[in-house]
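The structure follows.
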Amino acid sequence: MGKNHKKHGNYKDKKAFTSPGTLVYVGKHVAQTTRIKLVEFNEQFYHEKLIKDLNHCKPALNDNKIVWLDIDGIHEVQVVEDIGKHYQLHALLLEDILNTEQKPKLEHFGDKHLFTILKMLQFNPELSQIESEHVALILGENYVISFQEIHKTDVFAPIFTRLNASIGKTRKGKADYLFYSFCDLIVDNYFVVLEKFGEKLEELEIKIVEKPEAGDQTLLYRFKRELMTVRKAALPLRDMFGTLIREDSPLIQASTNVYLRDVYDHILQILDTIETYREMIENIQNIYLTNISNKMNSVMKTLTVFTAIFMPLTFIAGIYGMNFDNMPELHHPYGYFYTLGFMVLITIALWIYFKWKKYV
Amino acid sequence: MGKNHKKHGNYKDKKAFTSPGTLVYVGKHVAQTTRIKLVEFNEQFYHEKLIKDLNHCKPALNDNKIVWLDIDGIHEVQVVEDIGKHYQLHALLLEDILNTEQKPKLEHFGDKHLFTILKMLQFNPELSQIESEHVALILGENYVISFQEIHKTDVFAPIFTRLNASIGKTRKGKADYLFYSFCDLIVDNYFVVLEKFGEKLEELEIKIVEKPEAGDQTLLYRFKRELMTVRKAALPLRDMFGTLIREDSPLIQASTNVYLRDVYDHILQILDTIETYREMIENIQNIYLTNISNKMNSVMKTLTVFTAIFMPLTFIAGIYGMNFDNMPELHHPYGYFYTLGFMVLITIALWIYFKWKKYV
Amino acid sequence: MGKNHKKHGNYKDKKAFTSPGTLVYVGKHVAQTTRIKLVEFNEQFYHEKLIKDLNHCKPALNDNKIVWLDIDGIHEVQVVEDIGKHYQLHALLLEDILNTEQKPKLEHFGDKHLFTILKMLQFNPELSQIESEHVALILGENYVISFQEIHKTDVFAPIFTRLNASIGKTRKGKADYLFYSFCDLIVDNYFVVLEKFGEKLEELEIKIVEKPEAGDQTLLYRFKRELMTVRKAALPLRDMFGTLIREDSPLIQASTNVYLRDVYDHILQILDTIETYREMIENIQNIYLTNISNKMNSVMKTLTVFTAIFMPLTFIAGIYGMNFDNMPELHHPYGYFYTLGFMVLITIALWIYFKWKKYV
Amino acid sequence: MGKNHKKHGNYKDKKAFTSPGTLVYVGKHVAQTTRIKLVEFNEQFYHEKLIKDLNHCKPALNDNKIVWLDIDGIHEVQVVEDIGKHYQLHALLLEDILNTEQKPKLEHFGDKHLFTILKMLQFNPELSQIESEHVALILGENYVISFQEIHKTDVFAPIFTRLNASIGKTRKGKADYLFYSFCDLIVDNYFVVLEKFGEKLEELEIKIVEKPEAGDQTLLYRFKRELMTVRKAALPLRDMFGTLIREDSPLIQASTNVYLRDVYDHILQILDTIETYREMIENIQNIYLTNISNKMNSVMKTLTVFTAIFMPLTFIAGIYGMNFDNMPELHHPYGYFYTLGFMVLITIALWIYFKWKKYV
Amino acid sequence: MGKNHKKHGNYKDKKAFTSPGTLVYVGKHVAQTTRIKLVEFNEQFYHEKLIKDLNHCKPALNDNKIVWLDIDGIHEVQVVEDIGKHYQLHALLLEDILNTEQKPKLEHFGDKHLFTILKMLQFNPELSQIESEHVALILGENYVISFQEIHKTDVFAPIFTRLNASIGKTRKGKADYLFYSFCDLIVDNYFVVLEKFGEKLEELEIKIVEKPEAGDQTLLYRFKRELMTVRKAALPLRDMFGTLIREDSPLIQASTNVYLRDVYDHILQILDTIETYREMIENIQNIYLTNISNKMNSVMKTLTVFTAIFMPLTFIAGIYGMNFDNMPELHHPYGYFYTLGFMVLITIALWIYFKWKKYV
């Protein structure tokens, strides 16, 4: 959250009050240069190269090949602007690519482009934190352009591998199948992230049920926030893919639709799991609070038992510590021992009483 | 839950990042072999056999008989794949059959297949736990294919019995009536599970109202989770059967529709019952929490009464235990007895005061 | 609730896993025999008789008269089955008549029958409980068939009276008006039940605001449950009558529609009242909980005041009870009285302090 | 509420189980006679008189004038029945006019009448209570009939004044504009009531934040109830006017529609304000509860500090009050003073400790 | 809130019960005079002047230029009325312009005007308060009229600057693009306000997690209220812009629609952020309450440990302070030291016991 706000702070400085459509990168500053990778392939053919000049990819558009342009690093505004001009992308679309704060969305730009913003999630095991990466996808007639923030890991590595090794159906498919592969990859990763999250949550649950501590509430609160991050990334997908399935986009073949329906199904399942975890966290919070109350009760009982037993005894001792001239008991030879015996009796009686009241 | 996560753990290892449509079994590992049972029947005729080779069932498709193919054990991916080829089932459909994590769903594959995922629930009385079993049903023109996980009990045993004994309308019906019988069986079983659940819940309720204990909160929490399991199995059914009733599938006869409407009605009633139990659990939780507070109050009152009565008495005893040279009361012949009498008076006064304040 | 579960227990034994459409009575067992009453009437004519043989009512169907067949007692499955055959009712409809657990519903069986399940509610003043009675109504072209469980009271008595005495419009109306009269009677009765419920609730409210006791939480919980019973009976009616008003059933005349709209209005008002009571109960619960906290606070203050006043006094007494050889104060002639005076001063000071802190 | 139930009690006695359409007054009994006022006007002409006989107003219907018939007092059933016959009103409509429990509603009776039930609210500053008055409006082609309960104030006085003084557009408008004026008057009054309510609520808020007392919870509860009264009066209006705007009633001119849209806007704003107050009350309740907890904490700290400081001191005094023969310290010439000094040190140490623990 | 109610107080006095359509300014009274600024521009041309007489802007309407009329200060009713006459605006529209209490809305007045009420928000860093300013926009065929309350800052300053400097697309666009610029400016400002709000909230969060104090609850409550202010300003925008995008207004060009869709997207994101903050506040409240309970627990433990250790010790000292004649221990030469040793043992034992019970 703190990190998000830092970024937002950037938004305020960089973006607000500029003329709409002005391209400004809203995100963390990075030193690395943007890497542009061009992949051309069809069922028989596969070629992959790093490029500098966008003119290299132009002819491919007229070929019988599928072109995939992968831009890793969106902080170089110029690169995004060039691609925008090259593929005739709308200014607002480019703005959304650069705005890492933009929530997931799907937009049709006529029959020419299908534009999607998605969030790739990663579970950082060291910080027990879920990290979100901004991903933009553009589906054209026979090309897909993907944009990602520069991170340690390359989000789309498994697809490179799959295409290269010619395993799976990805090589045989059209551009829309490639597009689907990206979505499937990202959505499937949510399962993995949620699983790791769930494991941590169950550890915490067991701990809280067994021996709750004062800091656990804060921990639970952090879990709730992490879950909210996943939810914010996944919730808009439901409507996005719901819409994509229902309407007929000329860029999506009927045969791909059944695959998108599968992605949609997974999204529903992810949202279900999130809801389940949410309820779990709330339940754990309730258990935690009840535990505090139960403990308080137990502390109070201890206090009451000690007080109620020793108060009368101390009082009796006080009685016989008085200095009256005429106190016959004091002069009885066994007065002291009778008194001690009486004290033992009182103690036993009170003990039984508190036993019966379930205080001890 | 823990079990679910174990499975999910499998999902991560086995399924994520493979090419979509790759068949992988996602579920517990089992040693038994898959059992394939072929039932052919019409009103006059009934034949049932265990088969190894799928070619045996091919001709049946063209007959005037209804074919029911029951696959008990979906961990042998090869078997599922063979059936898929044999009946020309879509790859994603096969994937869903193998994914025991898949939530209930209904899908039309053109006019050829109607595909359903359902969850059979069993109440395990030893662990007081509700167990869920993954069931997949495919309705074709004159056949039904059912898939189930290998468990101790055969889910569809009552239907075998009914077909075999020729009781009920199942024998006279078409494939869609058989399909309905499966759904009816599974949904009716939810009633039974909820009933057992309800009995346990009422036992717990009575216990908590009468003598709540520290562990009850955790127990209630477990009940809530169990109920969530049932809800997750039943909730998607409402939309599934709602859709099935409204749209005209060529695989469902009009006369069967009224029966499906009956199943739909039962689903609504089940969801109602779940909601009722949910509210009950929440109410019991409130009672539990209020009980803790009430008890705390009572403990505090005991403490206050003891403290407030003995403190003044001990103080008076302390007064006459002082060693001042000049303390006239000490030398009065009945000083001691007057003091004791005064103490008794104080005790009575305080007792009345606390009686009036409803502390004792 | 307990009672419901007993019945449900019957459901499990009697109904689950039988072939669908098999008629089984699901409800409490009763010894009385079913009473069948046949009423024939039109504006000029009124005839009422108890019958044994259903053939008596057949000709009436072709007459210019309205026939009302009232079956009091649905535990004799044979009777219901006979009527089903006689009037050509669907098997599932008969099943619903016998299933006293069935929630309210409305179903069209073509243009021939309009079938309704309703719940008659009765407030049992002795047990402070709301009792629910299963009622089924079938509207045909010129007849109405009503089914009710055998109870102490005859649900439809006021309609008999009204028809007999020829007061009101019921005699002049057609079968649909008679049908409306039944619905109106049942729905109007909800007002009466809610009113009695509301009176009891207000009594409880006043009691809890004035002097809350430990058992009140459980009482409130029971009120919540009773209210849930009413809600379960009334909630489905909103959709049922909403649908009935919107769609054109050939069995309902346009002139009757305005009356059904009136019933619909009453249902909305009933649901409103239920919602109001629900909020009231929740508010009372909050008041109750706050009262507990306030009381705890007051107990704690008493304890603190007693402790804080007597502790210092006892300590001072303890000081002068020490046996040091050299304690000059002890030998001062007025040491004792000065000490007593000092104690009084301390008490006054502490009293003022706690007065200022609003502890006393 | 109590008052409402009294009325409801009337409902039970007077209304339930009568034949539908029977006219019975459901409301408080009043001694005054009903006042019927007939106003005829157009842009040039204005005439107002009290009438006894309804025949006086008949010819007006065919004139070029607008007729407004105002009935103040609906407890005289005969008057309402006469008007019903005169203007050919439906029996159920008349029933609703008499039923002061009827919630707000809008009904079209063909193209002839538009019928509305509204609730006029008044803030009673003496009892800090919101009082509701039952108002019924009937819009015909060129007349409006208004019914109100007899109260101290005449609800429609401002409209009389406005018509009489010929200010505003009311005189120039048709019957529908007059009808709109009534609705506008009633809805605008909700603002006034809510404002007074809001002022009282803010007073209470400031009080609770500054010095909460035990009775405040009950007070808040009463505020919640009052707010519920307003909500019940205002909520149905949203749908009523939403419908009125959308559909084309022949009784409403297009030019009046923009005014009704304005009323609709006001209703939305009222519902918003109610929601805001609702949240405010809930927040205040939370503050109140937290305050109780904070206070309890502070009481506990006081208790702990007193106990923890005086217990060790008293113990030390107790030590040197023992009567052992051999206690060397007792005979030290400065033993007493050293002991006192040690006690002071302990007190200071504990005081610092509790200061550090933020107890004092 | 207090401020709002002051205004509302004005509403009651000034507005209620006047004839609808009567123009009354509802807002704070101000001394400054209204400033009217006329801007005429097209791509080549830009002219800006302060005017007194509205006739100056008339010819511009027929030109090829875009006219922007900015009215700063709506308290001079006469000015608004003049503009209303000049541009033929509906009376109710003018009423809404003057009613600073009016919530955001969008209204079409035929094809001639598109009318919008928006709320400009400002974060006042001194009072940590969000201030709301009433803004009204009217879009005509080639003109835009903007109304704002007189405040320290001119809301639309950035647009003046942009137009003047000819940067951005605003100069090239038509009136609808200018209209969009206003909306974009206001909505973008919500991000800035929420950001500042978020920073303050996070500061509070860190403080409460680390060292909660008694007043924090009230602070949180104030944050909740501020957030409600933003929500009330932003929530109606969702529907407003949702509608604007879907329907075809002749005043909005197709090319501008994609920009409005962008504004709509931002609104959704703002509502998301608000929801996030709302959950955050609730979570912080829970943490706060749990902290109180935890602290109470810790206080209780301290009390219990002190009491439970010193009570037995004081009792023992009391025993040997008794004055019985025959107490053999008293005469043992090491009795005193044995007793002291025994006391140390008891203290150690209790300390270990409480250590084990996690009290210390």
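Just so it is clear, A, B, C, D and E label the chains in written order, and each chain counts residues from 1 on its own.
As a convention for this text, a contact is a pair of C-beta atoms (placed from the backbone, for glycine too) under 8 Å apart; a residue touches a chain by one contact, two chains touch by 3 or more.
Treat the numbers as computed from the prediction; the structure is a model and nothing was measured.
Between subunit D and subunit E, the least number of touch steps comes to 1.
Two copies of one sequence, subunit C and subunit D, touch each other mainly through non-matching residues, since under half of the numbers at the interface are common to both.
Rotation relating subunit A to subunit D, from a C-alpha superposition: 145°, rounded in steps of 5. Centre to centre, using the average C-alpha position, subunit B and subunit E are separated by 43 Å. Chain centres here are Cα averages; for subunit B and subunit C they lie 27 Å apart. The residues of subunit D that reach two or more other chains are 293, 296, 300, 303, 307, 311, 314, 318, 321-323, 327, listed in rising order.
Chain contacts in this assembly form a single closed ring in which each chain touches exactly two others. In the cyclic arrangement of chains, the order starting from subunit C and heading towards subunit D is C, D, E, A, B. Against subunit E, in their complex, subunit A makes its touches with residues 1-2, 5, 8-9, 11-12, 15-22, 90, 92, 95, 101-103, 105, 107, 214, 217-218, 221, 224-225, 228, 232, 285, 288-289, 292-293, 295-296, 299-300, 302-303, 306-307, 310-311, 313-314, 317-318, 320-323, 327, 329-336, 339-340. Interface of subunit C with subunit D (complex): residues 158, 162, 167-170, 180-181, 184-185, 188-189, 191-192, 195, 198-199, 202, 209, 258-259, 261-262, 265, 268-269, 272, 276, 279-280, 283, 286-287, 290-291, 293-294, 296-297, 300-301, 303-304, 307-308, 311-312, 314-315, 318-319, 321-327, 357, 359.
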